[in-house]
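Letters A, B, C and D mark the chains as written, and numbering starts fresh at 1 in each.
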Amino acid sequence: MTATLQTETPTAARRTSRIPVAVLGATGSVGQRFVQLLEHHPWFRLHEVIASERSAGKAYGEAADWRLDTLMPRDAAALQVKPLGVHLDSRLVFSGLDSSIAGEAEELYAGHGAVVVSNSKNHRMDADVPLLLPEINADHLAAIEHQRQRRGGDGYIITNSNCSTMGLALAIAPIEKIWGIEQLHVTTMQAVSGAGYNGVASYAILDNVIPYISGEEEKIEIEPRKILGAWRDGRFELAPMRISAQTNRVPTIDGHMMTISLSTRSRNTLNLEQVREALDNFRGEPQELGLPSAPRKPIHYIDAPDRPQPRLDRDREHGMSVSVGRLRPCPLLDLRMVALVHNTIRGAAGAALLNAELLEAKGLL
Amino acid sequence: MTATLQTETPTAARRTSRIPVAVLGATGSVGQRFVQLLEHHPWFRLHEVIASERSAGKAYGEAADWRLDTLMPRDAAALQVKPLGVHLDSRLVFSGLDSSIAGEAEELYAGHGAVVVSNSKNHRMDADVPLLLPEINADHLAAIEHQRQRRGGDGYIITNSNCSTMGLALAIAPIEKIWGIEQLHVTTMQAVSGAGYNGVASYAILDNVIPYISGEEEKIEIEPRKILGAWRDGRFELAPMRISAQTNRVPTIDGHMMTISLSTRSRNTLNLEQVREALDNFRGEPQELGLPSAPRKPIHYIDAPDRPQPRLDRDREHGMSVSVGRLRPCPLLDLRMVALVHNTIRGAAGAALLNAELLEAKGLL
Amino acid sequence: MTATLQTETPTAARRTSRIPVAVLGATGSVGQRFVQLLEHHPWFRLHEVIASERSAGKAYGEAADWRLDTLMPRDAAALQVKPLGVHLDSRLVFSGLDSSIAGEAEELYAGHGAVVVSNSKNHRMDADVPLLLPEINADHLAAIEHQRQRRGGDGYIITNSNCSTMGLALAIAPIEKIWGIEQLHVTTMQAVSGAGYNGVASYAILDNVIPYISGEEEKIEIEPRKILGAWRDGRFELAPMRISAQTNRVPTIDGHMMTISLSTRSRNTLNLEQVREALDNFRGEPQELGLPSAPRKPIHYIDAPDRPQPRLDRDREHGMSVSVGRLRPCPLLDLRMVALVHNTIRGAAGAALLNAELLEAKGLL
Amino acid sequence: MTATLQTETPTAARRTSRIPVAVLGATGSVGQRFVQLLEHHPWFRLHEVIASERSAGKAYGEAADWRLDTLMPRDAAALQVKPLGVHLDSRLVFSGLDSSIAGEAEELYAGHGAVVVSNSKNHRMDADVPLLLPEINADHLAAIEHQRQRRGGDGYIITNSNCSTMGLALAIAPIEKIWGIEQLHVTTMQAVSGAGYNGVASYAILDNVIPYISGEEEKIEIEPRKILGAWRDGRFELAPMRISAQTNRVPTIDGHMMTISLSTRSRNTLNLEQVREALDNFRGEPQELGLPSAPRKPIHYIDAPDRPQPRLDRDREHGMSVSVGRLRPCPLLDLRMVALVHNTIRGAAGAALLNAELLEAKGLL
């Protein structure tokens, strides 16, 4: 792999001085995950935390109501929170902003030359913004050049997908690549952390299922088509598959489950054993480049008849792998299967981190 | 309504002396529901409780580890548990037996002249056993005559469906009747009570989803076709629809949820507002006959965007109604919707009771 | 009972024209319970709903995000929400206001002649405000006269206790009355509904216990002493017991559990069988007067070794009874036991309703 | 520390050839934890797995229904399960046997020269069996000599305490040592894993609290007194404190919480700040010896007002530390606090492992 070799030396060199980064929306649920995952990151160093006016000026340790099950990193606790809009020292900016303000704020920083790696939904479907999933569409980074020309500067935005989309897109990528997907039904059972710390009241979800998540079905029906589509002639072409998504909130902490039924464009050649192998053997550029957050295997196929399960499988490879199981025929379409993604790691902050690592490995920072 | 009038007098007369009934498997989870629902039943009176050798001879109050949130009926508590196989005084026998023994035991009692109203799976697909859902297929009772001829006696067996099937079959019955269903995808999220009191360990399901329930998908893919099919020329014809079911266990107490996507055979005429009305206005023979356990409306269509929900809607009409919501187009098939059934009432003991009431109203006891 | 006979005629007469009432804070969690419990109330009729400026002017059906498992009463849904502070037609006013505004608002309405029956904490410990628990201290109503003199009008305020206090005070009342309590340790395990609908995030409490509820321990350590104390010579004397409370939030929907260990002032005469009987046989004025919301038995003693349990016992007598079990010796004090109260019914809106019924029966409305 | 120096060389030497060990009851919940914790153990190597007749002869990978959230160790999966009673190659034997059979089986192996490190309750209170908690009572190992004389061989048994006892005994050890404890009230809120994988049905515990755990209160009231007591003149003297325990099961996966209220024998000198420091600074022999499973700090005092919490704090130091918080005065006794222990790690298999490490460090293997 030439690409790997080329990046090895500068990467190693940079480890001696980690790249300073900023986190927008650092006190929120995605922001806290960024802060957590950056603590021991070999390439990046948390340098700035940005949050709302209310938190600005306070130490991060005071401003953030820390909710994760590891201790807040000491260095982070000592940082002074900056308000949104101020000049940032860091060129690399992670955004965990709420979508009500992310659109404008991310555009602002990109306009001032920052590389904005966003988890927010606002720019995902923009015509020149990559909806990056490094195992699948690293070539979409070519769109960056179009952004630069549009803005007339070096800054740009890249995004990762919705949390459920991430699990779905990864789980079906090997099938799409080999057989081509035509139709797909997916029903999700999503954990409460997907709505942020205060997003789902316990009174609403204990002993209950809520069959509705605002805006979620629309995202799942379109985002995988951009991710699995092509960047051709200066624009994104959506993959031709059609998707029907039904989304539910269930009383789990972390880990979005989904049942999938799909048909391919080459029905007669489909063999489930081959599909199983295609899933389990799937690798992408993050694995070839050895990116720090890349899982060894992006997809773990589990043979047990009752897996994956959120509590038992969400943390595989530090939450960066998608787990798939129950591959079997479908009476209506070509196959059925179950997939699981850790929604706040691979489905959010971990995905953004991996995206940024790809940028660094490609010399785009 | 001639049918109603004909039954009114004997029914009223009988209320002064309720029909004695036996419950097989009375200490189990379905058996306890039978005992509970029979307490104040206007037509039936619990007369005998039958359970395993281990419980036989004890008072029911001692033998049963009562788990329901109402008090054990006093009269029931005083009954002495009889072992399986002994002669029964009651002609009407409810069966909540485990499927490992139900097949043979039910056949035995039917062979001795009993009317066995079973919740077990064993005889559901038998060629001359009605899989009764009174709002839909009361005419299937014609098959009883075939059983009588086969056995050479007055006894017979009728069954109700699997708990999830019950919710699905009721929710789609009006659509099947008017437009005819062609293809159907269903994903269930089922409560732990569906597996019996000790069926799902808390260590297995807290903060978790289990994407597998043994034998469940097979039942859901075939039973609705018998229920919605026809009894013609002395045999059951399955409805021609094809079903793909994916089943999951979630951490709820009672109430099976399901997402449904389906296509009909008359696509061009489908109008969602008409479907909504067909669901909400659906009535069947139990409503016409005014059966004691019949819900006023078998289906409640709920307009709120995030309903039905198990905790909020499972108890509508004492758990005997199915709730439906989120009716909307599907990008792949004709429509999507969400349905909910109380699995241990309408999906089990309550269904069997309603079945027996239909038998009584039809003069078949 | 002379008292009962005296009230019978006016009560019956009034049923033909129910007393109009207002509910302050009608869209909140306690307010919704008031609206629910008033729907079929024989004496009171919901006439006015009052909420924040944000809701004022809207129909209650729109303004309230209804969260209970029964349907919103139709009549209530049609009422127009009034803002806090406006003149009310109703003399009887139930208050489910948040404590941040309840103090002033309740005082205002009482000053204008209303009878304010409050569930809020603000005036509970006031020198002339009864902390009413009708089975225990109906004689505390004598303090009303002092309020009237203070304000120079007919209006007054009565309150019910904190939800956990309610369970504790009722459970120990028979013991206090007969033996006198000296020391008491209580540890609570409280349901999430105690914090209001959005009070506890699911992310905070799923698979978790939170050993802290703001202000709760202080209330439990003082309120029972006022409830069980005496109104003497124009002032309240606290019962001389000392209480240590430790409070916890657990992942249950409704029902506050508590373990209790206590010593009495007459140790040598204590006999657990007598205590059990004193609990189970306990009755008070609501039972004698036959108040509509009065449980037949305020305390249910359950003999089973593992009861009470929230899910199985909270709804006894429509949630108006306290359940007690596991009465046994304590290695350190005189006895131990477990108690359970439905926190949003007997511990909140139901308690206020019972209080108002006592006022009516006593001719104080 | 002479002891440390003495063990360093042999320890280092042994790392090149780890000590072979056997696990009794290897397929159960405690047994699986043993297998998990032994996978990467620097001193011990899993050599034999023993289970019931039903599992004997199968590969462990087949026989065990693995329930932990890490993968089953490959080496373990390949071991053939041996039946209870056969000769073992390993001198060091961990026992996670069910108490119905542990008593006899452990005695048998000790009689044949094995060092049995047991998690079962059977021998905990035996007159010459240490109830070992290495941070507190390493000197109790002197009792081993008495066992050897009694049995006339080299084998012996040591035990660790009940899971809740472990949390309690560790949390109060520094207070007992400095001030002496007189009276103690404890109420526990215990996780479902404490009952084994199938011990608590989900139908029993979802949205519920069960105020009873068979035999648990008796253990908690006596075991801490042996742990904190003295080995003097050839026998154990119980610590003179008196304990009242009330135990509850709550819907959490792992982590037993407890509220504690206690009085000391030297009331006038008690200062809460000193107590806090005594807790946080507490260290014992495992820390001095640097045993592999020893936490850096046996007790973590957490200052936040609402901690510890099971989900956030149970995994501190790989589940080997007890967390304590909310230290404050008690209106009745001297102080109150909240403690948390990971019941299946520090409270079970991890405790046994630490015990065995102490034996090795002391040259007793």
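We adopt the following convention: a residue touches a chain if its C-beta (ideal position, glycine included) is under 8 Å from a C-beta of that chain, and two chains touch if they have at least 3 such contacts.
This one's a predicted model, so the numbers in the text were calculated from it and none came from an experiment.
Peer 1: From chain B, which chain is the farthest off, judged by mean CA positions?
Peer 2: D
Peer 1: If you tally contacting C-beta pairs, which pair wins, A-D or A-B?
Peer 2: Of the two interfaces, A-D and A-B, more C-beta pairs touch across A-B.
Peer 1: Using CA atom averages as chain centres, what separation in Å is found between chain A and chain C?
Peer 2: Each chain reduced to its C-alpha mean, chain A and chain C end up 49 Å apart.
Peer 1: Nearest whole angstrom, what separates the Cα centre of chain A from the Cα centre of chain D?
Peer 2: Result: the chain centres lie 41 Å from each other.
Peer 1: How many angstrom lie between the CA centroids of chain A and chain B, rounded to a whole number?
Peer 2: About 44 Å separates the centre of chain A from that of chain B.
Peer 1: Multi-chain contacts in chain A: which residues touch at least two other chains?
Peer 2: 67, 206-207, 251-253, 311-312
Peer 1: Which residues of chain D touch chain C in their complex?
Peer 2: For chain D paired with chain C, touching residues are 183-185, 187, 189, 206-212, 221, 242-244, 246, 248, 250-253, 257, 259, 261, 305-312, 325-326, 330-333, 336, 338.
Peer 1: Mind pulling up the chain A residues that touch chain C in the complex?
Peer 2: The contact residues of chain A facing chain C are 29, 67, 192-193, 196-207, 251-253.
Peer 1: So in the complex, which bits of chain C are touching chain B?
Peer 2: 67, 69, 206-207, 253, 311-313, 315
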